[in-house]
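In what follows, chain A forms one complex with chain B and a second complex with chain C.
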Partner chain A sequence: MNASVTGALLLVGRKLLTALIQLLVIATLIFSVMYIMPGDPVLLLLGADSNPSPEAVASMRSQLGLDQPVVSQYFVWLWRALRLDFGVSLANGYPVSRYVLSNLPRTLELAFAAIIVATLIGVPLGIAAALKRGSLRDTILTSVATIGISVPVYIMGTMLVLFFSLKLGWLPASGYTDISRNALEHFRKLALPALALGFGLAASIARMTRSSMLEILGRDFVRALRAKGMSERRVIWQHVLRNAAIPIVTIIGLQLGNLMGGTVLVEAMFNWPGLSTLLVGAVSARNYPLVQGAMLAIAALFIGINLLVELLYSLLDPRIRRKRT
Partner chain B sequence: MLEVRNLSIAFKTRDGLKSAVRNIDFTIGPGEILGLVGESGSGKTITSLAVMGLLPPNAVVTSGEVLVDGTDMLQLGSGELRKLRGRHIAMIFQDPIASLDPIFTCGDQIIEAIRLHETVGKAQARQRAIELLDKVKIPDPERAMRAYPHELSGGQCQRIMIAMAVACKPHIIIADEPTTALDVTVQKQVLDLLRGLNEEVGAAILLITHDLGVIYEVADRVVVMYSGDKIEEATTADLFNNPKSGYAKALIDSMPTPGGQHDRLPVIERDALGNVFSVRPEPRVRSSNVAAAPDANASPLLEIRDLVKSYWIKPAPLAMPVEMRAVDRVSLSIAPRSTLGLVGESGCGKSTLSRAVMRLYRPDAGEILFKGQDIASLSEGEMRPFRREIAMVFQNPYGSLNPRKTVAELVEAPLVIFGEGTATVRRRRVAGLLEAVGLPATAAAKYPHEFSGGQRQRIAIARALALNPSLVICDEAVSALDVSVQAQVLNLLKDLQVEFDLTYLFISHDLSVVEHVSDTVAVMQKGRIVEYGSAKAIFANPKEAYTRMLLDAVPTIGSDRVGKGGA
Partner chain C sequence: MEKTNKQAQAKKGYSMKKSVLGLIFALASSVSVHQALAAEGGTLYFGLSGEPSTLDSTINAGTPARTIRLAIHRGLVNYGADGKLSQELAQSYEVSTDALTYTFKLRNAKFHDGSPVTAQDVKASIERITAADSKATYRNELGVIKAIDTPDANTVKLTLSKPFVPLIHYLALPESAIVPAAWIRDHGKDPNATPIGAGPFKFSTWERGRELTVEKFEGYYKKGKPHLDDVHYVFYADENTRVNALKSSDVDIIDYVPWKDAASIEADSNLKLASTTGPFMMLQFNTKFEPFSKPEVRQAVSYAIDRATVINTAFNGRGTPIYGIAVPEGYMGYSKEKANYFSYDIAKAKALLAKAGYPNGFEARLLSTAQYGFHNNTAVAVQAELAKIGIKAKLDLPDWSGRIAKNNAGDYDFLVAGTAGDIADPDWLSNFFYGGQQLVRLNNSAHFNDPVINELLDKGRITLEAGEREKIYGQFVDRALEQSPFVYLMWRDQSFGLRKVVKGFSNIPGFLTFQSGITVEDTEVE
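Now for the complex of A and B:
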């Protein structure tokens, strides 16, 4: 096996290991936060108003394993979590994993759709601005991008609904249809939430694309490529853009936190039954196992996409891929 | 073959057009090497870009013609121009690593260059690329094909640029400072290569450089430019034997040449009419303290004993780290008020050594005796009193001065850090320092960008002197400057040495500069000092093969020309 392949595998291995450690730390945090939170889940479960007998409380406690020492509770919980067993929902006794597994793909889909929308809008706009630096087009695009970054997700969402569904009637205002039932309807309902969520990211991407393109266009090698007799179009698309892509991918990674935060609002606004909807419902019902499961799933999603971004990053830049060879 | 007629170029500015190049004429015949020489800002590069049709958007050609085999490049559309570029005229740039796209392998970039102009298959282009790499004498062409630019040295990258340039057998090659960023020994190889290709391929070469030594060794004819005007055109031999213009004469004079035994370098002066001439200034006598000459018997100011600094690198991802000794058991000493010149090629450990003396990091082993006390293992706090004794002047005067501070603030900064004096006292001290380095008092309120490179280096020197240090480390302090400016700064350093009782550790890759300033010289190779002794002895009679090789590689005026015809 040659050195660069070993290097690449090592890099992937190291990043995976880091991701696992991050997950473990988060799992521990989630467990301890739930433990020190006020409110007794047993009383809640039995109905605090009905004045349950101490015996009933005690038997419920042992049934849930809450009478065990904290440390052993923690390891039991962790061991189960590893096998995707987050216990049962306190509301109806269904396994938490069922909720999580059904809602996780929906949030994942929303997040990816938002990233794709943002890239499709942001990158071309950034290129357009960079190629005519200082022109009216550049000024307009840059100002729109600045506004785009400053508009909160819920205002953007409201405006999109007002325009596209209420005024034009093109797209449904909210809801969710399973893709297996009606694929077209599914994507029609995905469009507005994805757009609302991706708009801020699109603005960041446009700005980063612009500045990163300008930086690359000023490099010596661009002049050298032109001197080779390469057409301007090929210089831009084949060389400048690929070099500029590295910081663009970085900005996507950095904005991921914002994006995941945004899903809470967007899912609520558009009635999108994702992880955040699940989490919000579980928190207000003090459905602790469900909260834990949903939080862990969101964290795993975040870490997973981040891992993907980082791997993409080293794929784009040979200097990172082969740093030590 | 290439004929530039009456070419004038101007920059668009807010106040209208600002002329950059005026009425330049020159021609290059087949197989000829024409040198275009001048200081920075003289319009050499902009002229070459105009020839390529690659002027930046803010520059316009106001008049003239650029005829390539009879076609006026300036009249061509972008499509036709593109066909000529790379195929008819190729260009080699100053910074080879930056001139290659970092995310493609070198092989892909050469293949791309071939396939831009010729309809050949990928495999065939690849074969051609390997042959080209072989022709430019790259060791292991297969490996170089797979390598990314950052994995190769500057010299290898320049060979790849040259391979790319000759890929389509162009008639004209423009080489813009092709060896400025390279070590002397590598420079020699690259120049030999260019000359060989010139003979073999028969391409005409326009060689742009500020280095008269390079011109002397390589060019057949020379065009001298000065602030946008052509000053002189002559065959190389005529120019150096009998320069007609005052400027060319002054430029040749101000080069420190090996063997030149002068205390001061001539500098270029300009009179009110704009005439340029060369003067050899007298040493400045400003204060009464006539310092004693360096006394070889006095106890050394700085003594380094068996200094070691290693880096640990992994040769492969899974391999054990191996020790790379950047500084390997180095021992040196510098007498007070003398200058030690430290020479060596890039990567030899010069800068690591100087940073160890600055105690920017802790050396792994060995002693650094400063005024008799070992500072090698002092803590940050214990080091503080020594910090004011050792100052440093860096290579790049553009990067080493904070652009948002005024000159007064910059020069005052060390005084403020050490809580020296009141504001009034400090201001007076700054004024004194600026005067000492030859800057006007009005400079204090200005910002670094308002000064030229040489003036900025003067600011950096003033700042280094603020705390009255006894040792000043000059790390390639004149390398980024033009020859005439370099001469001024070297003269200044000599004046200041007498005036402020300074001891210099002068690090440079330029042997002629080192010979000019140094009392003792140390030659460094791969972390070790290979030769160490008095400057006179080393330059007159180098003992080590490596020193001789370095000396031989320096392009010098008056040496035997290797080029066609000879001088």
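Now for the complex of A and C:
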């Protein structure tokens, strides 16, 4: 096997191992946090209005295994989680893994749609601003980007709903339709949440693109290429953009992770039935297994995305690959 | 009137939302003779404030679950749109003069699987609730049923261990639904089993986290009902999202209209608001310690709070003050003069505090929750009002779950509660006022245990004669005002928001607003 392939495999292996350790630490944290929080799932489960008798509470508690010592509950949970069995929802005995599997793709879809929206808006704007540095166009674009970053996603979402659904009536205010049932309706309902989530991100991508482009444009090799008589278009598209891409990809990748957090508000606002919606409901009901399963899924996703981004760097920049092997 | 509506509906035709299948069915049914003009069929989109944790018919898992179950299930009796008891699976019933036996005659009704509703099904359904290992919400109340006899397939005789007059009201609750005995045998323990009932709609699909769909049951025992082909219950936990969904016509009706949005719905020419004052807000006290162990102190609190401040701070002005006990008008125990026993009177409040030994007031923890704005804001208003008589309330505002836990552990000095009675019979008061064995409960003032009140409530339960009962609950109200274990603040408006094209849905007045889902069987969409 040649050295660079072995090196790459080693790199991937090491990254995977780190990711697993990270996951384990996070899993432990997630497990503990729920037990530190006040509130009792059994009381909520038996119905807050029904004055359950102490016997009913005790029997429910043992039925759910919540009367066991926390440490033993932890190991039972961890052992099962290793085999991807996250238990069942306390509320109705429905398997947590099925909840997560049905909701996770929707959250991912929303996050990716937001990234696409953000990239499509952010990168061209950033380039446009960089190419006319200091011009009126640059000033306007930069100011819009600053505002975009500062507007909280729930304000953005509310304004979008007000304008596109309530005023114009073009798009549904909220909801979700399965793509297999009606694809058009599916994307119509995806549009507003993706825009709301993607807009702020577009602003930061635009800023990063602009500064990254400016930095590369000032490099000696660009001057050399221009001196050689290379067309400006080739200089920009083939050389400058390629070199400027690494920080842009980094920020997109990192933001994809952060978007998982941003979806909490957007999913709630648009009634998008993703992981965050699941999580928020489960936290309120102290539905331990569901919270643990959903949070672990989000954590795994975050770590997985970061892993992907790092590996993607090495593709874009051979120096990173070489340095690490 | 109804006829005019139907003619109008027939003229206007159908919205795009309705399925093709619905259209075909509606056209087919409109050809039939007896409904030549009716705009039958169509789909209703019902935005609910939450997703049920379970559809178990014996557990009260909140209003959204009840709304859905009232489409699927029926009991022997239920509460109808007028708030009165209506005979459903029971064609008639008789109560013996000693209130010890209840005999029901069943009508010819069918379950969704096509099997007839028999006495055996009724027996199995009630036994499932009263079983020793049952988690049924009203297990205690129905626990007085000692024996269930089924002399024939259409007759059920319940024998009680002691007289219990309110039984018929507990049987009218959605949690006393009748389900097939065979279903109980095969699926009774499976919380995710497909429910089968004898109601107007049968369960169709449940897409977790999103919506639950029911479809018309052709074999429903009420001729010509239901009108709709199917109902989609869509879950909108976020109140702003729910309101926007109604305003943009994503849904046809929503529950729990937030008070801040009531005016904008009223102002919208396509929408209407169906309001009633059912639930109430009150203060509950931990009576184990001073100062709140003293009735004078609790009364002082009642005199010190200007109810208008609470209504304006927490409910955008949408409520009605209570200066007495929260008995809805028309319910047994209501009296006009006692409804205003207290008044807003700072001087009186101060005098009572001084009499109790606290001329300069005191400090106390007030439990509420930050999770719901109206709970939070009620606490803030009460805090401000009480400051006027020197009571310094320190707010304790955990999330809802934390608040429930503290409430049930008695870990509070006083707290803000928003609730309603369960039934339209005066025995709803027992849940709140009765002392007895368990002195720290969700809905009682912790450790409050007054022998006079307990005795009156016991007597009310066994007295069949209405005039006699009226007297007992009159005495109860006198004693309750004197002791004031609760300080009542206000009736809050409870509203549904509807598109104007929705007809036939009613918000049942009083405590029964939370059971309004039953009127979906009368609902039509133009």
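Here is the rule we use: the second predicted complex is superposed on the first by the 283 of 325 C-alpha atoms of A that agree within 3 Å, B and C clash if a C-alpha of one lies under 4 Å from a C-alpha of the other, contacts with A are read in each partner's own complex, and residues count from 1 in each chain.
Just so it is clear, a residue touches a chain if its C-beta (ideal position, glycine included) is under 8 Å from a C-beta of that chain, and two chains touch if they have at least 3 such contacts.
Being a predicted model, the structure only gives us computed values, none of them experimental.
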Chain B versus chain C as contact partner of A:S174, first or second or both or neither: second
Which superposed partner A:A285 touches (first chain B, second chain C, both, neither): second
Which superposed partner A:G253 touches (first chain B, second chain C, both, neither): neither
Which of chain B and chain C A:G93 touches, first, second, both or neither: second
Contacts of A:L43 with chain B and chain C, given as first, second, both or neither: second
Chain B versus chain C as contact partner of A:F270, first or second or both or neither: second
Partner chain in contact with A:R219 - chain B first, chain C second, else both or neither: first
Chain C versus chain B, contacts on chain A by residue: C
Intersection of the chain A residues that touch chain B with those that touch chain C: none
Chain C to chain A touching residues, read off their complex: 50-51, 53-54, 59-62, 133, 135, 137-138, 140, 190-192, 207-210, 234-238, 240-241, 244-245, 247-248, 250, 371, 398-402, 404-406, 408, 419, 422, 431, 438, 441-443
Chain B-touching residues of chain A, taken from the complex the two chains share: 3, 6-7, 10, 219-221, 223-232, 239, 242-243, 316-319, 322, 324-325
Touching residues (chain side chain B, partner chain A) in the complex: 52, 54, 78, 82-87, 90-91, 93-95, 98-105, 112-113, 116-117, 148, 150-151, 161, 164, 314, 316-318
Complex contacts: residues of chain A adjacent to chain C: 37-40, 43-51, 53-54, 56, 59-60, 91-94, 99, 102-103, 158, 161, 165-166, 169, 172-176, 178, 268-271, 273, 277-278, 280-281, 284-286
